[in-house]
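Single-structure report; data block below.
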Amino acid sequence: MRRRAIIPTIAGLAALTLLAGCSGDGGEQPQAGDDVCASETPVTITFWHTYSTDSAENTQLNDVLLPEFEKECPGVTVDAVVMPYDGLHDQLIAAVSGGGLPDVMRMDIIWTPEFADLGVLTPLDDLDGFSDIANTVLPGPLSTNEFEGQHYGLPLDTNTQVLVYNSELLPEPPTTFEELTADAEALKSQGVYGLALGGAGPWNVFPWFWSAGGTVTDDSYTKATGYLDSAASQAALQWLVDFNDAGLLGPSSIGGSPDSWGGFSGGDYASLSDGPWIFPSLSGDMGDKITGAPLPAGPGGSISVVGGENLVTFATSDKQAAAWEFSKFMLSDFAQGAMAEVGQLPVTQAGLESDAVTSVPYLAAYVQQLQNAQARTPVPAWPQIDQILTDAFTAALRGSKPVDQALSDAASQIDPLLAGD
Amino acid sequence: MVDMLVRTGAVVAPEQPARRRRRGFERATRGLVRWRIVQYVVLTLGAVVMVLPFAYMVGTALSPERWVMPYPPTIWPDNATLDNFVRAINEAGLARYALNSLIVAVVAVVLTLIVSSLSAFAFARLEFPLKEVIFGFYLVTMMIPDLIALLPKFQVLRDLGLTNSWWGLWAVYVSNAVAFNTFLLRGFFSRIPRELEDATRIDGGGTWTFFLRVLLPLSKPALATVAVFAFLGAWDDFWWARLLIQDPDLRTLPIGIQLFFNSHATQWTTVFAATTLAALPEIAIFVALQRYFVNGAFSAGVRG
Amino acid sequence: MVTLTPSVRPLPATRRRSRRMRQLATAAPFVLPGLILVLVFVVWPLIRGIQMSLYDWNLPAPSRSEFIGLDNFVRAFTQDPTFWVAVRNTFLYAIVTVPIQIVLGLGAAVLLNGRIRGRTIYRALFYLPVVTSWLIVSYVFAFLFSDGDGPVNYFFVNIVHILPEPVPWLHETWPAQVPIMVLGIWKGVGWNMVIFLAALQSIPHELNEAAVLDGANAWQRFTRVTLPLLKPTFQFVSVVLIVGAFNVFISVYLLTGGGPEKSTEVLLSYMYNQAFTNLDFGYGVTVGLILGATVMVFGFLQRRITRGAVD
C-alpha cells in the first residue's frame, strides 16, 4: 500500500547533492540537479498542499504545472496531495512525530518558524541556486522563511486582503473609515451590513486593527506589553467594537451566520476584507458585482495583512535533490505565471508585473495593497498567540470583556511566549 | 454487571397479552383511550425530534446553493438537486475514501471476531492458571475510556512503526474490543449445554472441533453483535484515522469529509451531501438488523 | 461469577503440574492473541503514559524529553485554572445528560411497552441517532445551532417567539453548553430506551396482575412493582452513561473547539489541545491520566456500593 519505497541510488544522489551544495559557494552547479531529472529510475516525491479539491488552483496545478514539470524534469514525478485545511496543523504534528511527512509541502507562512524550530525542515541557504532565487523574490515573503539566520523554505505565493465589495450595494468603495461608517449606516436601513469579517482571528481582524492604529509587538517581536495594550491599540480595537455595536458589522465576524461568503454572495453583506481566492470562487454566482479596492484608510493608514504560503522541504525526506528541483520549478516564471492566472499572487517583482497578473483585473487592488501590508508575528509560538488574540478580539467584540482588559490580558499571556518557552 | 447484561438482553418475556379487566370496563376504556392518545402524541413528537436533524442534513445536501445557507431553513428545498452529491463523489474522491473505510472496517470485523471468539471461548469453557485474574483484569480495562490514552497510545504505535498504516488502525480497534467482547461472548458461550461438548468428545473431536464446528455455528446472533459493533466502531472512527493516517491513499471517510472545510469558507451543502452518504451504510446496517438492535444485549455493545 | 469446580481427588504435585501444563497448552492459542493485544495496546500505553506524564515530553524526539517529576500534576491541580474549567464542564455534562437520558429513555420504553401500532417504527426512529457516527451528528448540530439565522434560532425566534433574539449558541460559554448537552441526550435516548424496554419486557406480568387484583392503579404499579425490579438496569445504565459522559470529546471539539477562551473545554478536548496546539504532550498525557483515574475510582465506588444489590 505504501509507495514510498526507498531507492538507494537516489538517496545517495541526494546526499551527494547536499555535500556539493555545502562545499560549493552556491554558484552554478546544474549537473547535480540535472542528474535527478535525467534519472533512469523515476523518483516520486510527495507534495502536500491545501488547494481545495474542487478549486481552480488545484486544476491548474494538476493539468498545467505538473505536466510541464515532468516534461522539464522527466526523472521526477510529483504526487500532489490535497490536505484538509481543518486540523492540518494537528496532522502535521502527528506526522512529525509518527512519520508520514511528505517530501515537499506548501505551508502557511505563519507555520514555517514553528516547524523550523521543531527541526523538521531542511535549511536551503547552501543549496545550489538558492541565492539566485533569494535575489529575485520579494524580501517580505522571503523573510517569512527565516528562522535563526537560516531560510527553511521559499515563498511560493503571497496574498493580502483588500476590500471586496458588492458594486450593486456600494457603487463607490469607501476610501476612509469615515466613508465606510457613513456607507454602512446608509445600508443599515436596507437590512444590509456594510462590512463583514470572516471571523475574529488575527487574520481577519489585523487589517482593521492596524489600519485603525493598533500594534501587537515591538519591531523585534520580543514583547507585547506596551504595544498590544497601548492607548493606540485600545482605541483601534475600540473602533471596531463600536462599529460592531452600532450594528454595522456582519455577524459572521464573530462566527454568526450567514458566514462571510454566504452573506456576501447572498447580498446581506456589502463588503468583506478577503483574499484574491474569493474572486474565482464567487464570480460564477455574482458576476461583475464582486469588485476589489484597497482597504479604506484609518488613523494608522490602509494597512493589510500579508498571507501566503511557503514551499518547504522536510528534513526527513530521502529525496532532497528531487524536492529541490521541484521547488525551483515552482518559483520559475512559468509556474508563478500559471498560478497567477488562478488568483495566486506571484512572489517575484517580475511576476507581479507580468501579463498573467496585469491581465486579471481583480488582482490590481491586491498588488497595490501589498505595498502596505504587514506580516503576522513570525515566531514559533504563533499558533498559541493566534489563539490568544482570537480570544481577546472575540471577547471584545462580544462585549464579554472591556477592550482594555481584553488587550492587557492577551499581552500578558503573549509576553512569555515571545520570550521563548 | 456481567449477569445483569445477559439477563436484560437474553431473557425477553413474551409481549404482554392485552388483557382487559372486566370490572369498571367503561371507566377503564375511557382512561385507556386517553392514555393511548397521550402515548401516540408523545411518541410522535419524540420521533420528530429524533428525525428532524437528519431531515435538515438531507435537505441542505439537496439544496442548489453552494455558499449560501438556505433561509429560512427548509427541509425540502425548492428545485432540489443532486449536484452536491455529484460534487462530493467526483471532485473530492469520496468514493475512494468510502472504499477504504469499507476495507478497514471489514478487516477490523474479521480480526475482532477471530480474536474475541478465541478469547471468550477460553474464559467460558477452558480451565487454565490465572484465568480469574486475567478476566478480572479485562473487566478493569473495560472501565477505562479508550481516548484517555490517546497520546501515549499514539507514542506506542509510533514506537512500533504502526503509524501511517492501516495496521495501526486495526491494532487499536481490535485491542480496544477484546475485553468487552470477551465479556459479552463468554456469557453466551457459557450457556451452550455441556452435553454438546461431551457429545463432540465421544465422537472423537477435540477442543478445536467443538469450538469451530459446534460452538461458533450456535453463536451466530452473539457473533453478529460483535461484528456490527466492530464495523460501526471502525466506520465511525475519527481520532485514530486522523492521527495515524497521512497517506491520502489510505484515508478513510471521516478524513475525506474534512476536505470540504477549507480555509476560507465551509460549503455546508457539500459537507452534508458527504455526511449523508457516510451515514447510509450505518442506517442500512441498522435497518437490516433492526430486530437485533432492539434486543438489549446487542445494544449494550453498540453504544456509540 | 460462580465457577463450577468439578470434584476431583487431590493429585500428587507432579501430576498436578503436568495437568496444568496440558491446560496451558490447550488454552494458550485461545487466550494469547487477545491477551497480547491488550497488553501491548492497552496496558503498555498506560504505563508509557505514566512515564510520559513525568516528562516535558518531546514528541518529535522523545529521547530529548526532560524529566520534571510530578510538575505536570502539580500544574494541573494548583496552577492551571483552565484544567478546572475542563473538570467542571465534564462533570456538568455528566450531571445534566445522564439523568435526562435515563428519564427520557425510560419514558419512551414505558410508552412503547405493550401493544402499540407502529412500535417497530417508533423504536427504529428513536434508535437512529445511536447508530449514526458522532462526526456526522456533530456537524449537523453545528449547523442546526449556528448563530444568527440557524434553524434552531429561526424556530425559537421567528416561529414560536420564545427567544427575543438569536442566541450565539456556539460562541458563548453558557449557551454553548446547550447544543453540546442536547446532542449528547438526543444521541443517547434511543439506547436507554432499548435497554429499559428489554428490562420491562422481562418483568413477569403475573406480578402486575397480582397488583391489579390488590387494587393498585397504574401509577402505583409502576412505582411499587416496576421501578424496584428495574434497579439493576438503572445501575448498569448509569455506569455506562457516566463513563460515556466522561468520554465526551468529539462533539465539543467540533461544535466549539473548547472556545470561547477555553471556557467549554472538557478534559479530553483539553488534553488534545495541549498536545497538538501547544505541543505540550507530557501535560496532555497527564490530563488524560487524571481523567482515567477518576473514571476508575468512580467505577470501583459504584461497584462497591451496588454489589449487595445486584445479587
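The chains carry the letters A, B and C, assigned in the order they are written, with residues numbered from 1 in each.
The criterion applied here is as follows: a contact is a pair of C-beta atoms (placed from the backbone, for glycine too) under 8 Å apart; a residue touches a chain by one contact, two chains touch by 3 or more.
The structure displayed is predicted, hence computed values, not measured ones.
Any chain bridging chain A and chain B, meaning touching each of them, is among C; the list is complete.
Of the two interfaces, B-C and A-C, the higher number of touching C-beta pairs belongs to B-C. Mean C-alpha position of chain A lies 41 Å from that of chain C.
One finds 15 Å separating the Cα centroids of chain B and chain C. Residues of chain C in contact with at least two other chains: 59, 146, 149-150, 275.
In chain A, 90, 94, 97, 257-258 are the positions where the chain touches two or more neighbouring chains simultaneously. Residue positions 69, 71, 155 of chain B are each in touch with at least two other chains. Residue ranges on chain B touching chain A, taken from their complex, read 66-69, 71, 87, 91-93, 154-155, 157-158, 161, 163-166, 242-250, 255, 258-259, 261-266. Listed in rising order, the residues of chain B touching chain C in the complex are 1-5, 7-9, 11-13, 15-19, 21, 35, 39-40, 42-43, 46-47, 49-51, 53-54, 56-57, 60, 69, 71-73, 114-116, 118-119, 121-123, 126-129, 132, 134, 138, 140-141, 143-153, 155-156, 160, 171-172, 174-176, 178-179, 182, 207, 211, 232, 235-236, 238-239, 254, 257, 268, 271-272, 275, 278-279, 282-283, 285-287, 290, 293-297, 299-300, 302-304.
Put simply, chain A touches chain B in their complex at residues 1-3, 50, 52-55, 81-87, 90-91, 94-95, 97-102, 198, 257-262, 265-266, 274-275, 277-278, 281-282, 285. Interface residues of chain A facing chain C in the complex, by the touch rule stated above, are 89-90, 93-94, 96-97, 118-120, 251, 254-258, 383-384, 387, 390-391, 394-395, 398, 400. Within the complex formed with chain B, the chain C residues making contact are 1, 3, 20, 23-24, 26-27, 29-31, 33-35, 37-38, 40-46, 48-49, 52, 59, 62, 104, 107-108, 111-116, 120-137, 139-141, 143-144, 146, 149-151, 154, 158, 186-191, 194-195, 197-199, 201-205, 208-209, 212, 218, 232-233, 235-236, 239-240, 243-244, 246-247, 249-250, 268, 271-272, 275, 281, 284-285, 288-289, 291-292, 295-296, 299, 303, 310.
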